Each structure stands twice: as structure tokens, then as C-alpha cells.
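Next come two complexes built around chain A: one with chain B, the other with chain C.
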Partner chain A sequence: MNRTHAVFASLLLLVCSLAARAELVIEITQGVDNPTPIAVVPFTWSGAGTAPEDLAGVIDGDLARSGQFDPVGRADMLGRPSKPDEVFYRDWRAIGSDYLLIGRARALPEVVGHIQVEYELFDVNRQMMVYSGMVKGPASEARMIAHRVADAVYEKLTGIPGAFATRMLYVSVTRVPGGKDYFRLTLADSDGARPIVLLESREPVLAPTWSPDGKHIAYVSFETTRPAIYRQELATGKREQLTNFRGLNGAPAWSPDGNTMAMVLSKDGSPDIYLMDLATRRLTRVTTHYAIDTEPTWMPDGRSLLFTSDRGGKPQIYRYDMRSRDVQRLTFEGSYNARARVAQNGRDVVLVHQKDSDFNIAVLDLETGRMLPLTTTELDESPSIAPNGSMVLYATKHAGRGILAAVAVNGSVKFRLPAREGDVREPAWSPYMP
Partner chain B sequence: MFDSRKLILLCGLVVMTGPLSFTAQAQSGYVDLEAEAAAREAARAATGEGVPADPYGVQPTPSYPVTSYGVNPAPIATAGTQSPGASGNYPASGNASAPVSAAAGPASGSNLGSLVLQIQQLQQEVMRLNGKVEEQAHELRTLQEQSLQRYRDLDKRLSSGAGASAASGSGSAAPVAAPIPVANAGAANRGSGGSAQPGEKSAYDGAYGLVVGRQFDRAIPAFQQFLRDFPDGKYAPNAHYWLGELYLVLDPPDLESSRQAFALLISQYPDHSKVPDAFFKLGKVQFMKGNREKAREYLDLVIEQYGSSNPTVVKLAQDFIAENY
Partner chain C sequence: MKLVPTVGKVTALIFSAFLLAACSGSDTQEQDEAAARAAEEAAARAAAATAQQAEMQRLQEAAAAVGNLFYFEFDSSALTQDSINKLDAHIALLQQTERSIRLEGHADERGTRDYNMALGERRANSVRDYMVANGIANYRIETVSYGEERPLAYGSGEANWSQNRRVELK
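Right after this comes the complex of A and B.
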């Protein structure tokens, strides 16, 4: 028992130190009406030293953040089973938990620095095991391993694949009184943990975006005093400048097959959409219009592009068909619709929608043409959709500062990710990681 | 506030273009970035200043290198050999007057300048008209779809009625009985004693015949007359229901009259077999009126109250919610 206490204490310490390291903290502001109670028992650790991470704590946090689960507090648990034969359903029925997750982590003897996590999910009311699984990986990626467990549990219980084992990019701006601002392009886990600064600059950094395989990113940086698009490999940090044209070089967007990048250039006059073949660097002009055409984004099938244009007098979303070259307007509600991003289902389009004087995030259903506003704050922008299509990450203002926030695509769940310092903006949710 | 809005609003583009923000664009036309940059370059040379207007209004500082890191701990790339301190190209916001003069830059004559101005005005006018055309085309398409949908709804109702009556094989009452089960209605009816009054049946059949014949505009006054003649008739609730349906088929639909007809049926004949359908229709009418919440209340009520007794209408309500909420 003493040993368990010691382990637990050290786990707690670890959590605290990790929380201190995270740049973003999470505040859930709205969940579903009746979140499902679930007990995630701390996982046991067998191996030298202490566990590399409080895995159950990470899973707990993921499920709570989804707004669809109400994890049971550890103090309320009447037992700490780690194996199926140690589970007594009445203990969990007594505290009103519908589901129970237990698990064990151990160091892999055959691969140094790797761990293996086994877990089982129980339906307390039906008194049966409903799912079991195993995840392996390096101990340094223990949080990612925990996110993968959470993904599996989430999928088992909701029918929708989880998107916790994903990452995000964002730009934070630190104001320096009497000096120039710091712009930092940061990579973090989907829960804001483990932030890594990928680029630090005294000049603006904008429009970060992911390659479809999650191995590269692209962004716009003003570091050469004019905007240019850069591509960066995450594993090595290797960077290359893709564009250096007169005028605008902006809004890069990778095609679903990863071979082409859509972008906005104004080298031939007004801003228009171009495609760059990434192998040959050859450019193809997509739109030719004296209006502003910008913010291209691909439909998941790669056959058409959505973009924002004010060719109708006010910014609205249009679709460009690659084959027919037809341009068709998609948004008709409201005087301002911009910055579209499409879910993997090819049906939900999240965008910035102006209603009265507020700029909100809304979701447009391409099949019915209906627009559903998701947020009610004043200045919401830069929506980015999770690879499972369930949540939208966006930038907003809260208490006078730029923060990130998230909302479910059906509007049911909301949470904020305020930064510890500075303003945070332009989130980009990664695709599923390999 | 507005500046920071502009700054972030359109991700890549706006920050790069400053005054090119969409909100400002309508007034400002287009900015030639190169010309703008050149102008700033000149201004800088003239004043000997290092940096022109900083977007955040802070003083320029000496150069800082830009560093980039991989995910691996070791920083790999170092970019920005050029001094980023010279942030000349970061556009200062607010110089919305730039476009005309910049675009007309090399042209000395004022005629050419006014020509450029006229072209810009024309472009904006065309854009505005283009938007109007897009919106009206969309509205037309929506209206066409709606009226087609209304027609299909009614058609389905009629044809399903015909099919059912053929199956039931009850000779003379056939056209009436099927879509609205009159036998049921009679039993549940308030004080109508279960049998039709003299002349009632033929009057009702006459009105209903107009519905079957798709003469909807004539069917409405026929049912109204029927209700005047037989206010307590056995088929009165059916007539209310049909009126509710028929008001929806008008072009444009008379939503308020339809709502009243369904509400009347519900309040006067609460036990009538068409009440669940009437509740569902009330939900639909409220939705068409734009009262999403009110509509949802009716639909939820249908699902809650008739979950076991009337699965057909519950399914309709559920489908409607799935489609629209």
C-alpha cells in the first residue's frame, strides 16, 4: 500500500510539472446534458523507476474535454483494480459509474525505452467487458499512447473515432513593451500539452497548415521582410522557401494527395488562387478575377477547391470545380462568410460567419445548404476542424486576449484553451498521425 | 479593435495586405503592394529612419535572427540572414487612400487618373450586381425546390390514400376513408354521435374530390363552406386538417391560416386520430415560419406522446429533426 501511495504521489508530481509546462490550459465551458459517467482507474506500472506518465489522468482529461463523459474522481473510487479478475461491478454501480476502464503499463524488456499498455473497458450495468486493447510505443511518447487509448474508448462508446492522438499548430504573439513582438509558431498535442516552438520570429508568422500525412507543415513568414511561403519537415526541422513572388504569398493549403499546394498570389494583379506542383514547383493559375480570391481549401476528394471571394460585392464562399473549372457560390446567408474548412465527410463546412456585428463560427451543411451558428462570442476566427469531424478549434477573444477555443460541430460542447501568456491565434488541427 | 480584427480575420491575406481587408475593401479598391512598398522605401530613404510605421506602434529594434526548430530537440535550420529589423514590407494599416494614386502612379495626366477611378467604380458596381444575381438565382432555386417539395408531399399523401382505400375495399367511402380514417374519427369525435348528418357526407366528398382533382385553390373554399354548414359534423375535424394541409400548398403558403387550422383541430378534438399528425404539421409550420425552437417543441411532443401509439408520425418527426436540426 505504501508503495502504491509513493507511486501515486510521484505520478501526481509528474502531472503537476507537466501541467506547469503546458502553455495552454483547458476550461470546459459547456458539455452535453447528461454526460456518461466513466471511471478511469490509475494504471499500474511495472518496470524500473516510476511510470513515464499518469496515463489514466491523460485519458480522464481527454474524455472530460469531449464534454460527453463525466469521469469519476479518484477519491470516490472504492477500489483500484488493474486486472479483469479484480473488478467488482457493485463498487462501480455504487458510485454511479456506467463504464470502467482499467489498465496496466510495463516497460518492454526487448526494446529499451519502450512501454506497452494493456487496458480493458467494462460496462458496469451489463456487468461485462466490452473492449480490450494494447498499445506500444516509446516511453517518451507516453502521452500519445494514453491519447490512443482514449481514442479507442471514445470510439467504442460513441461510435465516432476519437481525435485525441492528434496535434495542433498555433501562432502566439508576445507583446514586448517598447520593443518588437515575438511571434512563435508552436506545435502541441491536441490537449495543449508538450508545446514545442517550431519557429520564432520578430516578424509575423501566419497561416500554419498541415500536409495530409502530418509530416510536414507550411506557413507564411515575413522573416525576409516580405511574405513568403515555407515548408518545414517536422522530424528534422528542415525548411525550404516555396515562394518569393512580388506582392502576396499566402494561405497555403495542401491537396489531399499531398502533391499540390493551393496558395494565394498577387503577382499578376489582384489576389488570385494558384496551384503549385510541389515536385516541379510549376504554377497553375486557378482564378482570374479582379476581385479578391483567397483562403483556398480542398474538398476531401481533391476534385474541387473552396475559397473566399468578394466577386459578389461581399466576401462569400465559392467552390471551384477542378475539371469543369466552374465557380459556384455556396453561401447565401449573411453578408460575410469566409475562411472555410471542410470536414473529412465532405459535407460539413466550418467558416467565419457574420451575424449582426459579431463574427462567429458556423457550420454549413453542403447537402441541405443550411447554416448553423456554433459560437456566440464576438470575434471568432480561423476555424480548424478535427480529423474525425467532431470538434472545431478556433481563435477568439476572451478577457481582452487572443485565446483558442473549441466547439463541437453540433454545438453541444465548448471549451477554451487560454494561453498562459500572450495572444494565441490561427490554430491548425493536424490530420490523424501515423 | 477594428485593426486587430482586420489583422487576424482573413488569416494569411489580411495581415499581409493590411488595408485589403474585405471590410475595408469595398471602399478602398485595390492596393498595389509593390507601389506601396516602393513609396515606403522612398519615405524611409528620405527620413533616414530604419523602419516605417510598425503595425503595433512600437519602436523598431535592432535585428533579431529567426530561428526554426524541428521536433527533435536540436535546432536545425536558421533562417533570416536578412535583417528582419527592416520590416518595410509589413504594410502599415489605414492608408486606404493609396490605391488610386498608386495604381495611377506612372500616369501623369489627371484624365488617366479619373479613368482608373471610373474603372474601379465600374468593377465594384459589377461585383455588387454579380452578388445580386447570385442571390436571386439562389432564391429562385430554393423557391422552386420548396414548391416542388410541397407538391410531392401532397401527392404522396393522396396516392398513399388511394392505395389504402383500394386495399380496404369499402365501396362508397373509399376516397375519404383512406387518408383520414373516418371510422376512427367518428368514434373519437366530440359530441357528433358517430354518424354523419344528412347531406354532410356528400358535401365533404365534394370538397375532397377537389383535392383529389388537384384543384387546391377551389378545395379551400369548399372545405370552408363545409365547416360553415356542418360545424359539428362528423367530418369537421377532417375538414380542419385538410384546410391546414391546403394552406401549405398555396403559393406562397398561408402559414398562419394553416397553423390556425391545425391548432383548431387539436383544441376542439383533442382525442381525434389526426391530432398526432396535426401536432407534427404544427411543428413543420412553425419551422417554415422560422420559429425553430417552437417547431422543435411540437416535434419533441409528438415523439414523447405518441412514441408507442403512432410510430408513423413519430418517424416523420424524427426524420424532420434529423434533417433540420
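Right after this comes the complex of A and C.
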């Protein structure tokens, strides 16, 4: 092996080990009081070699993580049906399972490297099939296929579309005391699996965010020793620098139609919200106050922006109406409310709320004006809401390390996603993927 | 403070004294006196330059002694008296040079990242404004905020947080 090859090989190894270290594990800390028991029988595989993935295991994990289901252990199953005519309801009633999911995966003969998964969901007590479905896709995306099955099952049983077949961005940091930390922008499945490091830098990387179609991301990187906003296409890795202004270049947020990006710039003095037309790169200034205006986020209808401002003395959430240009204060409870994110229903706003000395995640109901605290730890931040509006991913500290955690919007379910190593922060939940 | 002429100016003065002496021609006594005067002046200049050098060294030592970190209270960008005293030492030194500086603003981990980014900038600006008000040209100062992204102390609690709410002069 010549020198060039040796260097190349060690670089590859580095990338692989980085990916492994950035991986998250899941610890469910709180579920609903009476989670629904469901049995997910291991799916059969017909095709060359072994199945590309333990599909039932992925589905099992998704349902358990929702906190609303209590999957039956495989050792407790009295049978392993894979077709409807192999189902004996008494076997499942005997172990107290309310629902049963069976399925089959096979290699598609007509498309090389693709698989097809068929599945059926049964109501054990009513002794009937309640849903059946089929998903196709590349074998390399077998986990995503399993997440899609979980999404369908979740929707059938709860009435809410699932958000398992989604992804997330986060920043992981390896500390170098007395030196420069390593910052890694990472893309992973919504369950933390399959992490990919998109960018590694010795300078800060922050504020990752998604385009509404899930095809692009944007973030802030200090790689030039100054902050700048970058846009990157996920499929090709192609990226471009969108801003290079004096002062702050931060908090990018795509408009719901994907054409405009809200951002924070301080080139004209104090930090203000600006809109960039992504086709022409033309900037429009939205706020002109001498206070700090930051953390813009769009209402789902695109007609107004929420942002954080300390124009009243302390940081609070305000709403800017795009048409009338009116600014209205939305939060009054507590001395610190910041970094709002809005659910697709346009009603639930998750934010960082200071109570006593702790910073917690809270949800503000825009219709009633009521604020409900969701977390009770000390340093919670960066809430990001699932595209189905059910769960909030956020960053917190646990045992002195930065970790990700999730909480249901109604407070009923909590789980943690600590990394095997380093600090993890700034989760950004993707929209529904195409 | 009175400015001491530079080495170039001293050389020019000595040279012109020499020229004057050379032009005055026949009278050797006058020549000797002029030369003596020139030497005296040169010695005085050299002494002043040495004094200037000593003063620079004193200013450098004073600035180094106070350090390059200026601390802030939570969610505040107001300069503390301690910071003002430290800054005065740096300003005294900067007034004697043309060096460009970079002011890096930082925040502790409490509160949101983007708000802290703005707070770090406000702190850096607060130091810059004080420097500009005390005669340091704006164009010599670059400010950048790192928010809470580059802590000096990694732990939680006020003992760590107070070290991280800072502006670094570089």
C-alpha cells in the first residue's frame, strides 16, 4: 500500500469511528400510565442471504419510544405467525396483548437491491384484522421502511400520524480542555440510528435547520473565524455560503413555502430579523428595534413570524405580522421566554421558559394563552417539535454532559437520547421526508 | 502626553547639525561648539527614547498584569468597575501603538444559544465603545461573538458560569 492509500484508509476509518461515537442510545424515562400492549412478531424474510434489518425490532422500538405502547417481549410469544391464516387469537389473549402486528419482507425480483414489506395489524379482543399495508424501497433504507410501518400502525391506533420515518440533525461536541473543541453536525434517523457526520470543524457549528421539503439544511459555521450561514443539499453534499456580513449571521429559518429564509444579522447595529429571498439573495429588514431581536420562526401559514426580543427589558416572545408589520408580545409569564418553535397545528408553541433559576421547555397554547411546563431539569434548551406535533426533542444536561431528550407535547411521555461519548445539542427534527 | 520624535527624526536632526557645522567653514571653535551641541542633543534624544522604551515596557507589563479577560454579570453587558480598571491599562498601551485588536464576546450556558450569541456581541460592543470613547480608533477593533459556544470552564454553577461571561481581547 503506498502512502496516499494509507492516508486515505486512515481518513475513512476516522469517519467511521466518528459516526459510531456520535450514536445515540434511548432510555425511556416516563410513559403513559396504561400503555397499550402490542405484539410485533419478527417478520419473515424471503430472498438471498439474511434479512437486511430486524424490521420488527425497529417497529417495536418506535412504538415503545412513543410511550403509548408496551411491546410484548419475544420470549413471551406463544407463536410466530407471519400470515393472517397463522394467527390464533387465544395465543395473544393469553399473554394480555391487545394488538398483534405480523409481516413479511421479500427481495423484489424486478428491482435489484429493493425489498417489499407486507404487514397486517389485528385487534386481539375483537378478533379481527384492523389494518394491512405494503411498503417498498431500497434494502439500504430498510430501517426507514420499518419506520413507515410503525407510522401507519401508530396512526391506526392513536388517530395521529406517526413521525418515526423522519430524521434529525444535531451538533455533537468533543471537548478539548485548554484547546479547541471538535464540533460535528450530524444527521441521524429519528431514533438516533445511522448517524452521519455532515461537517466537522474546530470552530463552532450551530443552529441547524431544515428546508420544508427536507432536501436542504442550513446552519451557522464559524469556519472562517466569523459566523456565516450556509445552505447544504443533503443528496449531493453541495453547499453554499448565504451570508458574510459584519457582526451576527445567525438563526436561519426557512419559510413554509421554502422561498425565503428568516435570519438574524447585526450589520446595521443591533441584532435584527431579516428575510432573504433565496432566489435573488435580496434582503428585507423586518425588525428595527435597538434591542436584541433574534430566534425567528415561522407560523405554519407563513403569515407571521415569532421571535425573541428583550425590547421589554427581558427576553420574551413576540409575533410579527408580515402584512400589517405589527409586533405583538405573546409571553408574559416569567422573566425569560425564548426560542419558540410552532407545531403544524399553529396553536402549540414550544419554547424555553425560565422558572426560578431553571430553564425548562414549556408549551404555550396560542388560543388560551396558557403556558404548560413540560420539563423539570435545569438547563433545557433548543426545543424542536415533531412534524406530527406530538413530541418535542430538546437539549439538556444529564450527569454533567449535554444530551438530547424528548417529551410529549402533553407532558405524558419522556425519554433521553444520550450519546455514547461527548456532548450533544441543538436537535432539529426534520419535516416529513419525501 | 508629549510625543518623543522617532529615530528617523533624530537622525535627521543630527545630520542637519552636522551640515550646519560643515557649512560654517573656517572657525574651528564654532565647529567644535556646534558638534558638542549636536552630540548633547543626540544624547538627550537617546535618553528620551530609552525613557519611552521603558514607558512602553511599563505599559505592556501593566496590561499583561491585568489580563485580557473582562467579566460580566448574568444577562448584562454593563462594564464592571473591575473591567474598566483593566481596560484602562490596555487603552494606555493601545494609545502608543497602531495594533489592531479582536474583541471576542462570550456568554455562559444559561439561556438560549442564539440569544446568548446576541448577548456576547453586546458585551464585545460594550468594550469596544469604551475603547473608542477613550481614543482608540474604531477601525482598529474587530468584534465577534461566540455566544456560549466556547466556554473557558466546562462545568455548571456560578463558579464556572462567571468565568464564561466574558470578553477576550486578542
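Throughout what follows, the second predicted complex is superposed on the first by the 409 of 434 C-alpha atoms of A that agree within 3 Å, B and C clash if a C-alpha of one lies under 4 Å from a C-alpha of the other, contacts with A are read in each partner's own complex, and residues count from 1 in each chain.
The rule is simple: a contact is a pair of C-beta atoms (placed from the backbone, for glycine too) under 8 Å apart; a residue touches a chain by one contact, two chains touch by 3 or more.
Note that the structure is predicted; figures quoted are calculated from it, not measured.
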Touched partner set for A:400, first chain B, second chain C, both or neither: second
Contacts of A:329 with chain B and chain C, given as first, second, both or neither: first
Contacts of A:295 with chain B and chain C, given as first, second, both or neither: both
Partner chain(s) touched by A:313 [first = chain B, second = chain C, both, neither]: first
Touched partner set for A:201, first chain B, second chain C, both or neither: first
Partner chain in contact with A:221 - chain B first, chain C second, else both or neither: first
Residue contacts with chain A in the superposition, chain B compared against chain C: B
Contact residues common to both interfaces of chain A (with chain B and with chain C): 175, 177, 181, 204, 206-207, 222, 225-227, 247-248, 250-251, 264, 266, 271, 292, 294-295, 308, 310, 314-315, 336, 338-339, 352, 359, 379, 381-382, 425-426
Residue numbers on chain C that touch chain A, as the complex places them: 75, 109-115, 117-119, 121-122, 143-147, 149-150, 154-156
Partner chain C, residues of chain A touching it in the complex: 175, 177, 181, 183, 204, 206-207, 222, 225-227, 247-248, 250-251, 264, 266, 271, 292, 294-295, 308, 310, 314-315, 336, 338-339, 352, 354, 359, 378-379, 381-382, 397, 400, 425-426
Contact set on chain B toward chain A in their complex: 5, 8-13, 15-17, 20, 22-23, 25-26, 30, 33-34, 37, 54, 56, 58-61, 64, 66-72, 74-77, 79-80, 82, 84-90, 123-124, 127-128, 130-132, 134-135, 138-139, 142, 323-324
Chain A - residues contacting chain B, complex: 175-181, 187, 196-204, 206-207, 220-227, 230, 232-239, 246-252, 264, 266, 270-271, 290-292, 294-295, 308, 310-316, 329, 332, 336, 338-339, 352, 359, 368-370, 379, 381-382, 395, 402, 425-426
